[in-house]
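Given below, in the form of structure tokens, are the structures.
Both complexes shown next keep chain A, but they swap its partner, so chain B is in the first and chain C is in the second.
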Partner chain A sequence: MDATIIARYTTDGSSLREVWRTFRHSTAALLGAIILVLHLVVALAAPLLAPHSPTAINPELALAAPSWEHPFGNDRFGRDLLSRVLPGGRIALAISLAGAALSVVLGGFVGVMFGYLGGLADEAAMRIVDALISIPGLLLLLVIVTGLGSGYAVILLAMVLSYAPGVARVARAAAHEFVPRDFITAARARGESPLTVVMRELWPNVLDVLLVEFAMRASWIALAVSGLSFLGFGVNPPTPDWGLMIAENRSMLALAPWGVVFPILAIGSLVVALNLVADGIARALGLDRSR
Partner chain B sequence: MLNLITQRVVLSLVTLLIVSVIIFVSTEVLPGDVATAILGREASPARLAALREQLGLDRPAFDRYLEWLGGALRGEFGMSLARRNTAVGQLIAERLRNTVLLSAVAAATGLPLSLALGVIAGLLRDRVPDVLISTIALIGMSLPEFVIGSVLILTFGVLWALLPAVTVVPPDAPLDVLLPNLVLPAVTLIIVMVAYILRMVRSSLIEALASDYVQMATLKGLSRPRVVLLHALPNALLPTINAVALTVAWLIGGVVVVETVFNFPGIGRLMVTAVEDRDLPLVQALGLLGAALYIAINLGADLLTLWLSPRLRARLLQM
Partner chain C sequence: MNVPLLHVADLTIGYRTRDGMVRPVVRDVSLTIARGERLGIVGESGCGKSTLALALLGYLRPGGLVLGGVVRFDGLDLLRLAPPALQRLRGGRIALVPQNAGQSLTPSMPVGAQVAEVLAVHRGLGPASARARAVELLAGVRLPAPQLLARRYPHELSGGQQQRVAIAMALASEPELLVLDEPTTGLDVTTQAHVLDLLDDIGERTGAAMVYVSHDLGVIARASDRLAVMYAGEIVEGGSTRDLFAEQRHPYTRGLLTSALRLDRPVLPQAMPGQPPAPGFHGSGCAFAPRCAFADPICVAAPPALEVIGGDRLVRCHHWRRAATAETIELDPRPRHTRVNGAAPLIELHDVSVTYARRGTVAFLRRALGNPDPPPTVQAITLTLRRGATLALVGESGSGKSTIARAIAGLQPLHSGGLRLGGANLALPVQRRPVDMRRRVQLVFQNPDASLNPRHTVGEILERPQRLFFGLTRAECRTRSIALLEQMRLGAHYLDRFPGQLSGGEKQRVAIARAFAAEPEIILCDEVVSALDVSVQAAVLNLLAELQAERGVSYLFISHDLAVVRAIADQVAVLYQGRLCEIGSVAQVYTPPFHPYTASLLAAAPILTPGRRARAFDRDETPGGPPARGCPFYHRCPRRIEPACAVEDPPWRMVDEHHAIRCHLSLDQLAEPVAATPLSIALGETR
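The block that comes next holds the complex of A and B.
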């Protein structure tokens, strides 16, 4: 089931500065980074930027078309869409960054540790990893939400359980490349404990792979969170959230397309940016991202 | 070779067994049990206790797991909690045909299409067709399925009423009634699927074209089509078999959202209803079914890869 083995070309000795130099020479990657930073700034500053309250209801303006006063128009409750789109990515962004970070740290550690240890422990751990991978994405999320109810902490946990196993597979494959090398044999001969070998010798060498995983998983989690919100198991109304806004305003698509178009542009640009950044980092590191 | 196949099959079964434990634990052992799900959170403790006893929830979790697993092996998943007097198996059976049909149509159209587009993009790397295809693929994989579905509904269901916007036919509708309802959900799945697979095909073809054996074939004076078709492509496609299997398996999860968008009467839509109703037996059965399909598809891809590549076969035999 090693579908997630990565093709590696040249990674040894690539310092972060060198990576950045290659990265910024790619227009696409740079564009992605700029859009991503913009998204982060807007998410953080949304309460200051929003011209109106995101939840203030105004029946007179229900489904009003974009105007100078309300540049993105209004939804069926007359809420100002610009003021809802601006903070609409906060929860998805927070969960995707936190979820990707936790997935990469936990999955990365498990993968490298068992990749180094090998043997029966590795076999057992990989069966559990395979089992978690085998429950197709959204199904695992829904099973967990059914058991624990929806809430941001549960969604975060569900995201980590869904995406950390994939990272573990990749990290294990990456670690396997270094385990037979001399510096690992030397560390083992010095009598270093497995934990020391993993943290001091192996971990720094798989960091580049994990960086790509982070950007990639973040984009998947952003999509998954919006999917959960769309299905009604994610962010609760009236909190502004892009996935939820698309679900809410979808029935008015023909009458007031602005209620759907702006959240779509917002989530689309965020995920495109994350993908461009992931592609850019992968190329700069000489890692092939597609699998 | 036979040993290797047995080993893969046994591993898959072990994985499925662990999956069943994960599903059972996350739905039943954690707080908020089935009795609360049926009676609601405000139910009196006495009524809850009575129902727990009636359903056997007062027995140890391990016994209940064994009983559930035993039933699952016989294809019996108990009665639905939300729709009394209906067996879970019956609810699934009614809708399974529709989902299988939807996924099969999407896969049968999407796979050849993504191979063709991936090969075009790979051969014309960084030229206009490649930039066009790759950009559209990037957008396709960056938009949630429900967004693509909604745009299709607006375009072909509302503005230009060619096809039904949402499905209103019952799950057991005859095929000719169901088919028009299948088009838009299938196109949605195809768009996302093609976006992922063509990127993989493109990059593994580019990698193969840069390899020594392709340069060797070119230097021998073979024609370009011959080099591409007989030397580069077979080697480029081998590693994508597993990735394609992963994407097809993704369809199992993807149908949940897509069927909901179009109100398509399949098991994905059923899953969402089951979660809304906290219909635990139904959620468990659908989770297990999804995982079993995923594992089966992966096993198939693994065996196919083994069968197609003598080098891998030899290396694995030595292990």
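The block that comes next holds the complex of A and C.
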């Protein structure tokens, strides 16, 4: 990415180097980025990294404590926990990235479009968004998954339906800052269509906000997918998945806590990393959300 | 001469930037202010004026650092004072009137309560007496019905009223020093004159010393006794205001004054070249050297020291002797105002009305209930703009100037009336106009920061209209864009820059280039220079005049600034509350007979001659919306006739074929000299 491209997406036109410098100056953001990259590398390379098969059952090792051979210990079927934890985030991570991307693109477009159009259409659209937001997230997820069955595509759809409305609101608010500006008036006076105004004039201006939204929503979706798996609506056994592993091993918590602790650490570190990165990006782009 | 009230010595203030460096933005400033004295601080934006003004209250903006020097107020070292003592002092013995009063008042609290709070904190008054005193103070700044007004919230007041409340708050503690940061910027000229009158009055009554910080030379000339000119964080010239305006020693001061537009001269001044360095980024020598006509290797090599050159006159220049005796730069003698009546009409407005009133169900119900529609925002506007000419719309905020421009651009539907472009019907919303019609009408806006998309490069900004209107390829656009930029005195290297990397004047040139990229016949210029520094104003106006001479384009030039209009326009239409008051050529409108509103605008406009005070001529009242009948200016008119002006629409009085005034007074009455204002004097100089 060259400096010109990044300058486009910083509020004060600062260069890539300055953005990166501010990002790097925050220890928290840097730590988040490192953990996130580790997660991505591990998820991609899990089959190469795993010392054992994640599904191989070995009754002799049932509930075995961590050892040199099995650093994370074994579950009640004697499966190697390290080999299950390593690929255990693949589905959650894939759905979270895809879901966040779709939410941001769809919600962002709807929000910016109605933010620009205003008037009655905007009012109507925002009431629908309000209605969607007012449904408790988990309830909405369960209704969709129960109604349509529990394929990954359905989970993805459920995630987008739950999180895109929130993005739409944020995008609309971000667009509202730019709609009254004269460069929009200039575009209207040239006779540009609403679609052109939204895509050409407004979209680049809200992209920085949407980038932060992407990271935030990705962390929430990762958590939500793990939650669904935990409840038995997500990933099916014996596929390794952190949420599912916590559900499977929680009854053995007293005997073999490692079955729960390592998946929890994995989910936790992923969610925290995504949040730290989101904050770091926001700050580096001059969109400090805490202010 | 008594002991100075405020003494600033060798003050240097810096800001820590993102890269961790500290950049000095105020450098080695020394000042004294005696009790009751009025000091003006003037300079272009980014010269450290506001930072210095805040330091006089012992305040630094976040990220600010004192790198050296002292600020001593009546013996107290403000920069080293303990926070509690400093808080007692601020808003107590030293008070600030901030630049944007609308934003400095708390929106959720009635204004009376806000003034009372100051009284409770700094004067220890009880709730009842604080409230009573607050009302007295609001009356003291001549706010109407202070009892009632005290219970209003800031958003219910006009800009001028908010500014008065801010002044009342600053005065509540009976301060000995009042710091005013651009106290009238953003106010209408008439309101400005009223506020400045009020401040003069307060100064005389309370004996408070005042520090005026402003980029507006007219305000400074009028409001200060002594003057400090700042450039790149340094004081480059100081002395009595009268001496400084009479004779400038520093080339920068001289440049500022010669590039200023003057109400009393119908010519475009020479612009000072260049722009000030970014705050904190000055070279090792004289900071002004890159823009200075007198600069030589000495200036680049060594920074000049501040020299005392007799009396209290100070100057920071190696060559002030040469600069002071050099000939005044000749004013541009371009012949103007010759194109008024010969050319063919381009834009014709016939009896145009525009309303922002609600349509649809609500309006229908209101009408059914017997409530008449409110009078239109803009009514009965008949104007003709000829090819290659400039028609200025003049008036205060809310006079409907921008609404008329929006109607011509097709962004605001007409309520009634006709609108034609070169004979063709233009009374269509912009979406329904043919492409070529949209191309022929272009816009340039006031605020250069808002008129360019911050995420598009200059190249992309210029490319869009060319692709849209002429279907050119990217390569063709590039070639044309470079030619356009060169015409705007910007090089090809600007193509890849973002607006955030440009100065205000450069942005405005890009906005003008975007308008010209469509090869328009008319450009609607909405306050295009009012957000720019004095020196940049002259440059942009010169550019517009040149482009007009080359391309024969017409301008509808909207401005509240009578000096700017006088320099650029051929014809002037004076508007008040969306109604025409007077129309004629520049020469006609700026000479008697005047409409009383034109007269009050001219009387209130600041003049660059210290001692000759602009004065409020109109009545100090804030009317509501436009009336359904009668003269719109009735409430404020010092010459109104009861009851005719209130109930009967005024007739058009024709001075000659091209000059008309809408007033109940006869032309003879309107031609009577407007006594006791500098207007007659200022105008006398030009006749």
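Note that in this section the second predicted complex is superposed on the first by the 272 of 291 C-alpha atoms of A that agree within 3 Å, B and C clash if a C-alpha of one lies under 4 Å from a C-alpha of the other, contacts with A are read in each partner's own complex, and residues count from 1 in each chain.
Quick note on the criterion: a residue touches a chain if its C-beta (ideal position, glycine included) is under 8 Å from a C-beta of that chain, and two chains touch if they have at least 3 such contacts.
Just so it is clear, the structure is predicted and the values come from calculations on it, not from any experiment.
Student: Pick one for A:Pro204: touches chain B only (first), chain C only (second), both, or neither.
Tutor: In the superposition, A:Pro204 touches chain C alone.
Student: Can A:Pro51 be said to touch chain B (first), chain C (second), both, or neither?
Tutor: In the superposition, A:Pro51 touches no partner, neither chain B nor chain C.
Student: Just to be sure I read the superposition right, which of the two partners does A:Gly118 touch: chain B = first, chain C = second, or both, or neither?
Tutor: Neither partner.
Student: For A:Arg188, using the defined touch cut-off, is the partner it touches chain B, chain C, both, or neither? Pick first, second, both or neither.
Tutor: second
Student: Touching A:Ala131 in the superposition: chain B (first), chain C (second), both, neither?
Tutor: Once the two structures are laid over each other on A, A:Ala131 reaches chain B alone.
Student: Which chain, chain B or chain C, is in touch with more residues of chain A?
Tutor: Touching more of chain A: B.
Student: Mind sorting out which residues of chain A both chain B and chain C touch, each in its own complex?
Tutor: 7
Student: With touch defined as at the start, can you tell me which chain B residues reach chain A in the complex?
Tutor: 11, 14-16, 18-19, 22-23, 26-28, 30-32, 138-139, 141-147, 150-151, 153-154, 158-159, 199-200, 202-204, 207, 242-243, 245-246, 249-250, 252-254, 256-257, 260, 271-272, 274-276, 278, 280, 283-284, 286-287, 290-291, 294-295, 298, 301-302
Student: Please output the residues of chain A touching chain B within their complex, sorted ascending.
Tutor: 1-3, 7, 127-128, 130-132, 134-140, 142-149, 219, 223, 226-227, 230-233, 243, 246-247, 250, 253-254, 257, 260, 264, 267-268, 271-272, 275-276, 288-291
Student: Within the complex, which stretch of chain C touches chain A?
Tutor: So the residues of chain C in touch with chain A come to 18-19, 409-411, 430-431, 433, 435, 438, 441-443, 445-447, 450-457, 464-465, 468, 496, 498-501, 514, 518.
Student: State the interface residues of chain A toward chain C in the complex, per the touch definition above.
Tutor: 4, 7-9, 11-14, 18, 21-22, 181-183, 185-186, 188-192, 200-201, 204-205, 207
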